[in-house]
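When the chains are written out, they are named A, B, C and D in that same order, and each has its own residue count from 1.
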Amino acid sequence: MTGRRYVITLSCPDRTGIVARIASFLAGLGASITEAAYHADVEAGVFATRQVVDAASVPCDVEELRELFAPVAAELGGEHRISDTGTRKRAVLLVTRDQHCLHDLLGRVWTGELPVEITRVIGNHASLEPIVTAHGVPFHHVPFPAAGDRFREQGKVTAFEEIRKLVDADDPDAIVLARFMQILPAHLCEAWAGRAINIHHSFLPSFAGARPYHQAHRRGVKLIGATCHYATADLDAGPIIEQDVTRVDHGDTAADMVRRGRDIERLVLARGLRWHLEDRVLIQGNRTVVFH
Amino acid sequence: MTGRRYVITLSCPDRTGIVARIASFLAGLGASITEAAYHADVEAGVFATRQVVDAASVPCDVEELRELFAPVAAELGGEHRISDTGTRKRAVLLVTRDQHCLHDLLGRVWTGELPVEITRVIGNHASLEPIVTAHGVPFHHVPFPAAGDRFREQGKVTAFEEIRKLVDADDPDAIVLARFMQILPAHLCEAWAGRAINIHHSFLPSFAGARPYHQAHRRGVKLIGATCHYATADLDAGPIIEQDVTRVDHGDTAADMVRRGRDIERLVLARGLRWHLEDRVLIQGNRTVVFH
Amino acid sequence: MTGRRYVITLSCPDRTGIVARIASFLAGLGASITEAAYHADVEAGVFATRQVVDAASVPCDVEELRELFAPVAAELGGEHRISDTGTRKRAVLLVTRDQHCLHDLLGRVWTGELPVEITRVIGNHASLEPIVTAHGVPFHHVPFPAAGDRFREQGKVTAFEEIRKLVDADDPDAIVLARFMQILPAHLCEAWAGRAINIHHSFLPSFAGARPYHQAHRRGVKLIGATCHYATADLDAGPIIEQDVTRVDHGDTAADMVRRGRDIERLVLARGLRWHLEDRVLIQGNRTVVFH
Amino acid sequence: MTGRRYVITLSCPDRTGIVARIASFLAGLGASITEAAYHADVEAGVFATRQVVDAASVPCDVEELRELFAPVAAELGGEHRISDTGTRKRAVLLVTRDQHCLHDLLGRVWTGELPVEITRVIGNHASLEPIVTAHGVPFHHVPFPAAGDRFREQGKVTAFEEIRKLVDADDPDAIVLARFMQILPAHLCEAWAGRAINIHHSFLPSFAGARPYHQAHRRGVKLIGATCHYATADLDAGPIIEQDVTRVDHGDTAADMVRRGRDIERLVLARGLRWHLEDRVLIQGNRTVVFH
């Protein structure tokens, strides 16, 4: 993508004339549309669109565009958003000990492939601090109580409270659970709805819950996968953004599957996050519309 | 797809307001749009769109719709077409001895998956006649001169002339070279431009020409593929509609590759042909826009 | 594969020297090994091997080879089998109304790709009879009682009894449930253990049970799949032979998924059945070893 | 893989009894075989095998094993090698400005996924130095003469001479051209034969040479890929270790293809390099046997 763009996304009840209404509005501004996608779910009666406009082609800044578009959106109902690619988005990453997703995302930001600033990484273990700081990103260690701790539940509450404050201080566009392995409390899922992105190391809904590769090995499946989804209070059941799989065979132990699975997790999370950051993902109930 | 639909496709020079123009036209008719896709190739300065309208939502038949849309299309320039899914399309298949693509297409038509009537199958060998007639389709044997024949070139000209007459008598929407293995003469490529569809048993542009699986085996590639493309006078270089690949390894002989490749050829041809029949493929120079 | 082959498969407890024992036996016969594969599951303590011998290289027929190998197999324990590719295997297909898997298998047998004779097709509806007989295969209609029938359970028992007799009369190497859609009774699963092959239209263990594509659509997954597995009394939980997936997106309705899924079902069943017929699949508990 | 292993690979003329000879030798030592793979290319008359032995099961160290196996190998002819997984392998990376492959490999080594020590990274630009040293690996900048330089050819010779000295000082098991973009001189391809590994950013043999993604875009292909191969004097024509592809469509510009392609390059190089380091790749003429 070259040049500054304004990205308009809209989700609203389906009816005749929506495309015409938006297209006329943009034509009226003289806007040059560089990407446009539409989706009507006839069964559910909902409509979704994403339109990308060359910022140089319209005689206003993003704030003015938002004001001008507000009556159109109000007329159509539903939800909308207008982003400006000239304003860099922000993400906070939550991690534990696994570093493959973290390292992959740091690399993609370093090269400029992911259009985001990682404002901080929060880990419940300190082991990933060196690799994070080597990439010039601040790392915060928020320890969680151990399994045997008699004040464990209270300790978790305190830890999540600290995480909440750190995250909210940055007001990020994405909170990425990059193999975080702790269950996000319902009130944080709520507060961060549509922004908290998880990578689950199985092809959901298969093998939800713990140790999915070991479950997959026991069942003898011939493909394993990973799922990038929005975190919701209903564990492993949030709207799916992206999934992919890779082939395994009888020679693969559960440990081999863990290793093979890492490459899928990396790719699926990186794709899902990029689409989220580029405003390509619209949530409709428990499903997503992803405009590639 | 349920119910009758009108499918509008348009390819024209890119400029501001095309979407608004078409959308307003359709909104003016009260048309209910069930699918819409757009593509602007900024570099090449061309625009393409495909819009599907619920026939029951517009107060006119396809002929009237064509008349009403003509001035809009004239204004925008370029090429357009309006199809009516209520009118069954027609295809002629050209085959030689290989039956896997032929059998697959006959099955898909039999089940109604491919929205087409196969009006006839023309083979340069008679061996596939029984399977064709078993599916209730007429078969025509047009023999070609053998390799050693001293009047071979003239014999080919005569054979192709017979094929041309048989094909043109049906005025088909698609002429499918379902592993035909004879090079179509330039004047037929010309006459059937945008309608003659070939399946090449390699991942073009790799291994163009004869015996691609043997070439692939010799080179030691790790994936083999197939390509569905429009036939043009420039052999194996026409606009690509669809490609896919499958994995091979050192244990696969050239014969194994031939067998594995068949499944890819079948799928790639069936997909490419379906997209063509559903007016999803627009040719722009030597490339295609495929609205999935 | 050219020429007649003897295929030896063996599954036994793992210990040192198994490969040496078999290899010495074959070397002693002067056998030319054209394919050999081994798998030791260290965790489970089981070993599996498949060896293919050029029949022309050994001074005995398959019966003699079986006798000669028996003491070796007895020494190693476990189960073994020796097949002769010179003896054509037999399969019976069970179908209902869906014809895509059936038509695909008929075509693969017709071309000689699948090394099997389809001795008969049994359908609980008569609608597929024409396409079966067009391929020269006998069709038997065994009607099942309708949903509202008050003697439904007894009717099913009678119908399955008739099917059992028809199948057993052919003593087939494979009983293929090519989208049969009736649950095989436990005693038939038992009687046909390791020979009854089912195609399930989902990526198991996801969406087991009825209408998997509708379940998949509702969950909003980004890939759908199919699973070929041995039928066991524990429904949809038998040893998996092969699986594959294809991508879907938000634009796909449940009906689109059904259509897209058919291509995966066809391929997955054809691959699984071929591997079974070529003695490439060894069952170990609820998992399979598949020597490709 | 847990525990120390000895890995035996052998490539020799095919004849009866090879498996028995090796298996008897190992059984005689009481060796516990944890992995074994064989491949006979009947057409070419060559045989290849890879056997992995639990080091704890044999009463000798790797040097003694090599001595004991030498007469067996001599008897069979061909080439063999015995590696000890207890001895860490070494790799040198050559890079230019692109960092995606480099960063990916550094991460895989950091996590222990790739069993190798990166002894140094050599770049013809200095820009990647910070990311390399952040991972604790020495970086050497060997500048190359610019395009307009009148002593360019001589400058290149000098630069490659310096690279040769740096590489050979480490006696690495792999010299990885991780998007190096300079053509390796023939004498270095020769000196490093079977150790110099290149990643080519196309699905070879398609689009060999410069700017493959731009070539792919122009041709309108529907899949793009990457190829990991051994570097040979015959540019882009060395034995292929691994390839993979990803789907593109009409909406992808050449720049999009470059971005999408990076994920395939990363994976294909990481896989190819891991297989090389685990002695899974045997070169036979211009093709490879890869024992997965």
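Simple rule for what comes next: a residue touches a chain if its C-beta (ideal position, glycine included) is under 8 Å from a C-beta of that chain, and two chains touch if they have at least 3 such contacts.
These numbers were taken from a predicted model, which means no experiment stands behind them.
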Selected interface, A-D versus A-B, where C-beta contact pairs are more numerous: A-B
Chain centre separation (subunit A, subunit B; CA means) in Å: 38
Inter-centroid spacing, subunit D versus subunit A (mean Cα positions, whole Å): 35
Contacts with two or more other chains, residues of subunit B listed in rising order: 35, 251, 292
Touch-based graph of the chains, sorted into line, ring, star, complete or other: complete
Residues of subunit A touching subunit D in the complex: 35, 99-100, 103-104, 107, 110-111, 113, 131, 134-135, 251, 259, 262-263, 267, 270, 292
Residues on subunit D engaged by subunit B in the complex (per definition of touch): 39, 41, 43, 203-207, 219-223, 225, 239-245, 249-251, 253, 286-290, 292
Touching residues (chain side subunit C, partner subunit D) in the complex: 16-17, 19-21, 23-24, 26-27, 30-38, 40, 42, 57
